[in-house]
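In the two complexes below, chain A is the common chain; its partner is chain B in one and chain C in the other.
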Partner chain A sequence: MTLPRRIVAWLSPLLACLGLLAVWQVAAMLLATESVPTAWQAIRTVPEILGDPEQLGNILDSIRRMVIGLALAVAVSIPLGLAMGRSARVAAFFNPLLMMIYPVPKAALMPIIMLWLGVGDASKSLVIFLGVSLPVIYHSFQGARAVEEKMLWSGAAMGLSGIARMIRIVLPAALPEILTGCRTGLVLALITMVTSEMIARQSGAGNILFNAMDMAQYDTVFAMIIIIGALGIALDAAFDRLRRRLVRWAEPHQEILLGAS
Partner chain B sequence: MQDASSRMHEDVAARSAAASARRPAMIEIDRVSKRFETSGRKSHLALSDISLTVGDGAFVSILGPSGCGKSTLLYIVGGFVAPSEGIAKVRGAAITGPGPDRGPVFQEFALFPWKTVLGNVMYGLRQQGVARSEAEAQSRRLITMVGLKGYEAFYPKELSGGMKQRVAIARTLAYRPSVLLMDEPFGALDAHTRTRLQNDLLEIWERDRKTVLFVTHAVDEAVFLSDKVVVMTRSPGRIKAMIDIDLPRPRRRAELLLNARYQKYVVDIERLIDNGRDGMEPP
Partner chain C sequence: MNAPRLTTVLMGAAPILLVLLFWQGLCSFGYAPPALLPPPGRVLLRLVEQLGDSGFRDDIVATLWRLFAGFVIAVVLGVGIGLAAAVMPAVNAVVRPLVQVLAPLPKVALYPALIILFGFDHAAKITLVAADALFPILLSTYYGASMVEQKLVWSARAAGTPRPQLLLKVILPAALPSILTGCRIGLVISCIVVFLAEMISSTDGLGHLLVGAARTFQTVDMFVPLITISLLGLILNGLLYSLRKYLLRGFPEV
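== the complex of A and B ==
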């Protein structure tokens, strides 16, 4: 029973991918315009881009900025969200601030940030940081708020101080929720990364894409979309594996164990 | 009926005074009240003028209807909730917060879901600075004692309610509190499981005679387990009566159910509680 299900699990996304490419191929051939290359043309361009040291360097620059922005966001947002979840005063202080930032498209802040920090890594990492922070804060907040009071009391009775309870009880108890926020954050980091490079064209994956667009190199444009998309899927899948490993204790259980008492 | 209960009350007061003179007081609750601020400038008086002394090694139950503040009283002794008035002491020292000398067991189990059974039981010991190997050995013994040998590597989500509560009891016993504070520990369990855990708890208690403060709304449970039953009334929560349970130990449930004195305690206490209800005087 398990073997066919595993095959299906692998096969269905693969088939979906192939189906999409097939539709693209046929559509491009029917349209036959220069601005829509065929799937095959785009795929053929991927190794060309990745084989070019300059282009590859650009893509790695993007990933570096994304990792920096993401890491900073996670390092700041998790403690902040947890503190807000456990303290009404901290929540009352930060909530209005976050409500104001929430609806603003983070990329819209890019021009101002560029004015302050220049077009380099600092401003792009900061925009990624802003883009990632809110979902991570929100989920950490929700996770911390849902922690059972009695669990904290049990820890307090064992002699855990307030800060120790935060790190050793609230953090692990809220981890499933926090990691859900991080997963959303990861995808947002990728989106913000490309957007920031669209605005501040200097280097990066977004830079290659939009430069190619300007120069009407449509093969490259679509190849970059494939590369960025694949990067997103790979990062998300890798993160989800890590997440599952970390919170195996919280996953709904398949076999319910019926004890005597 | 009213006469009988007040006689019982006086009798009990005299006897418990004698008992407290014999044994050092483990817990002293002195004129404690608790007022909760609710929305709209109103406040709710949950506990009113509670005084209670629990001797070292005594098993005392606090019995009352839901909403009578009996759990709040337990939380005050635990140091989780501060009284509005009065003072609570443990071994003569005023309670200012939670501490490992008072170990709680909650109806909700409150296990750490990211820890295995062994990890949960070891947690308090490790916190007390006990070396890992020693903590593990002690915890394994406790897990065996509560009947969960073989389940050491299981996570709480894989256990039934009764098993979870066994883990919670072991987890609290592990760090050797002087007082066990049990907040309706068997309230969420089915009748069969509840009976088994009552029996096992008594068996464990007989060995080291730890002081236990046990909150429940089940009269039979209170009588079966306790040396003394404190009956409370609702809103505000006051002590209505204290009844010493003079039944031989070790107690076996099957024998006790047939015991006339046990039956009388249960019936008397049930009548006492019924008397408290408005307009529900028995004929």
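== the complex of A and C ==
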């Protein structure tokens, strides 16, 4: 460990990426079939896709929908989760319903929601909203439940009203846990985005990916996988920086990531 | 003890009933044409009717088989790699950056590649399920195993436990609560992913039923697989919960 920690922290994921790409390259060369391009071929296709204004517009559309769905979900889920965490009644009220909804693949609702809202932004953002909400609610719930009772009592003794206690004590205390939920939500949003677009083939990154698949343009397929994957990793890394900044005071926290659809 | 439990159950049932009532209301008062939103009664009847149909049961079996196969692979790999990474620094040094890169990667995007590699059959779907369920299980195993109290390990060593057995006798049991939490998340994910994989490309399974129904605008048939997967998820979750209770019977309430 002669290298400073910061450099190691940057270098090791990069090495892992390169390692994976190298494995891919070797495997593709060994397989030597038409349908599996080598890593290098796929990477070469990436600028072609990003340089095409239409394709780039598609990808940006996807990101816009994702941001809308994610923002709405976070805005709704955090207050709900906190309320559930602080009130046993609210928790008992919502818990079974949420348990029912949890194993339903949200992107599978796409065909039904499409019937109601059309194939446009509304239905895709709604599906992303649904997909993101549950982990955020769940983690906010867990976070709010673990808030130390004494802090709330002190707050009450100092004359904070219920809502003020919620915002000034429960919210900051639950923040590390909430942000873990948001991080999960971010990954989920990306997954739901891709899946919803490949079910409603109209525009977006998922559409490019699966259309290329249908037309046997395998270079594009693998290049899109790289683009979507890089997007996921970049968003996750950016969010992690933000999280560290916001909850610098918290002790290093278990960061269990769930990558689900 | 009984009375508060009953109110809890009633409180929990209320929103589900409300949703059903709202749904029924939308249909009865003509806000939603039955072609777009069939009344809940009809969906339920259709589900019961379908359960008697052997084709539908075959679809459920196909889905369950993929789900289990993927989930089991994920559990074996996740717990194995997680434990190894927690115990051996050398493994950790390799696994950690790989996980950092692979965990946030949207695995569905890999599905086309999996299809190309493994074909349209079970293998691609099982791999996708396993890939998606793996990371929560791996990470919770890792955290569980690295949080094991050092005193426990020392006591076991002092009592003469040979080093190789430490893993099985001390670390694995101590990490069990965390591992099971990861498994629970992995299970929910498996349910979701198997359905999606079947929707994207399949010739059988619940997801395929939904897509088939959507193509022919059979709205009732679209709701049936969704409700089935939701019920399956609930049942499997319940089973895992009982397993957890049984395995953790000596543990303090977690």
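In the analysis below, the second predicted complex is superposed on the first by the 247 of 261 C-alpha atoms of A that agree within 3 Å, B and C clash if a C-alpha of one lies under 4 Å from a C-alpha of the other, contacts with A are read in each partner's own complex, and residues count from 1 in each chain.
Throughout what follows, contacts are C-beta pairs under 8 Å (C-beta built on N, C-alpha and C of every residue); 3 or more make two chains touch, one makes a residue touch a chain.
Since this is a predicted model, take the numbers as computed values, not measurements.
Novice: Have a look at where A:Gly159 lands relative to chain B and chain C in the superposition and call it first, second, both or neither.
Specialist: first
Novice: Any idea whether chain B or chain C touches more of chain A?
Specialist: C
Novice: Considering only the touch criterion stated at the top, classify A:Ala75 as touching first (chain B), second (chain C), both, or neither.
Specialist: neither
Novice: Does chain B (first) or chain C (second) touch A:Leu190, or do both, or does neither?
Specialist: Second partner only, chain C.
Novice: After the superposition on A, what does A:Val23 contact: first (chain B), second (chain C), both or neither?
Specialist: Neither partner.
Novice: Tell me the contact category for A:Met151 with respect to chain B and chain C: first, second, both or neither.
Specialist: A:Met151 sits against chain B, while chain C stays out of touch.
Novice: Touch check for A:Ile169: first (chain B), second (chain C), both, or neither?
Specialist: Touch status of A:Ile169: first partner only.
Novice: Of the residues on chain A, which ones does chain B touch that chain C also touches?
Specialist: 257-261
Novice: Would you mind writing out the residues of chain A in touch with chain C in their complex?
Specialist: Touch list, chain A to chain C: 12-13, 15-17, 19-20, 35-36, 89, 92-97, 99-109, 111-112, 115-116, 187, 190-191, 194-195, 198-199, 209-210, 213, 218, 221-222, 224-225, 228-229, 232-233, 235-237, 254-261.
Novice: In the complex, go through chain B and note every residue touching chain A.
Specialist: Contacts found on chain B: 75, 78-80, 97-100, 102-104, 106, 108, 110-115, 123-124, 127-128, 147, 151, 154-160, 162-163, 166, 171-172, 175, 177, 192-193, 196-197.
Novice: Can you name the residues of chain C that touch chain A in the complex?
Specialist: Chain C reaches chain A through residues 7-8, 11-16, 19, 36-37, 93, 96-98, 100-110, 112-113, 115-117, 132, 135-136, 139-140, 143, 181-182, 185, 188-189, 191-193, 195-196, 199-200, 207, 210-211, 214, 217, 219, 222-223, 225-226, 229-230, 232-234, 236-237.
Novice: Which stretch or stretches of chain A touch chain B in the complex?
Specialist: 148, 150-151, 153-154, 156-160, 169, 172-173, 175, 247, 249-250, 253, 257-261
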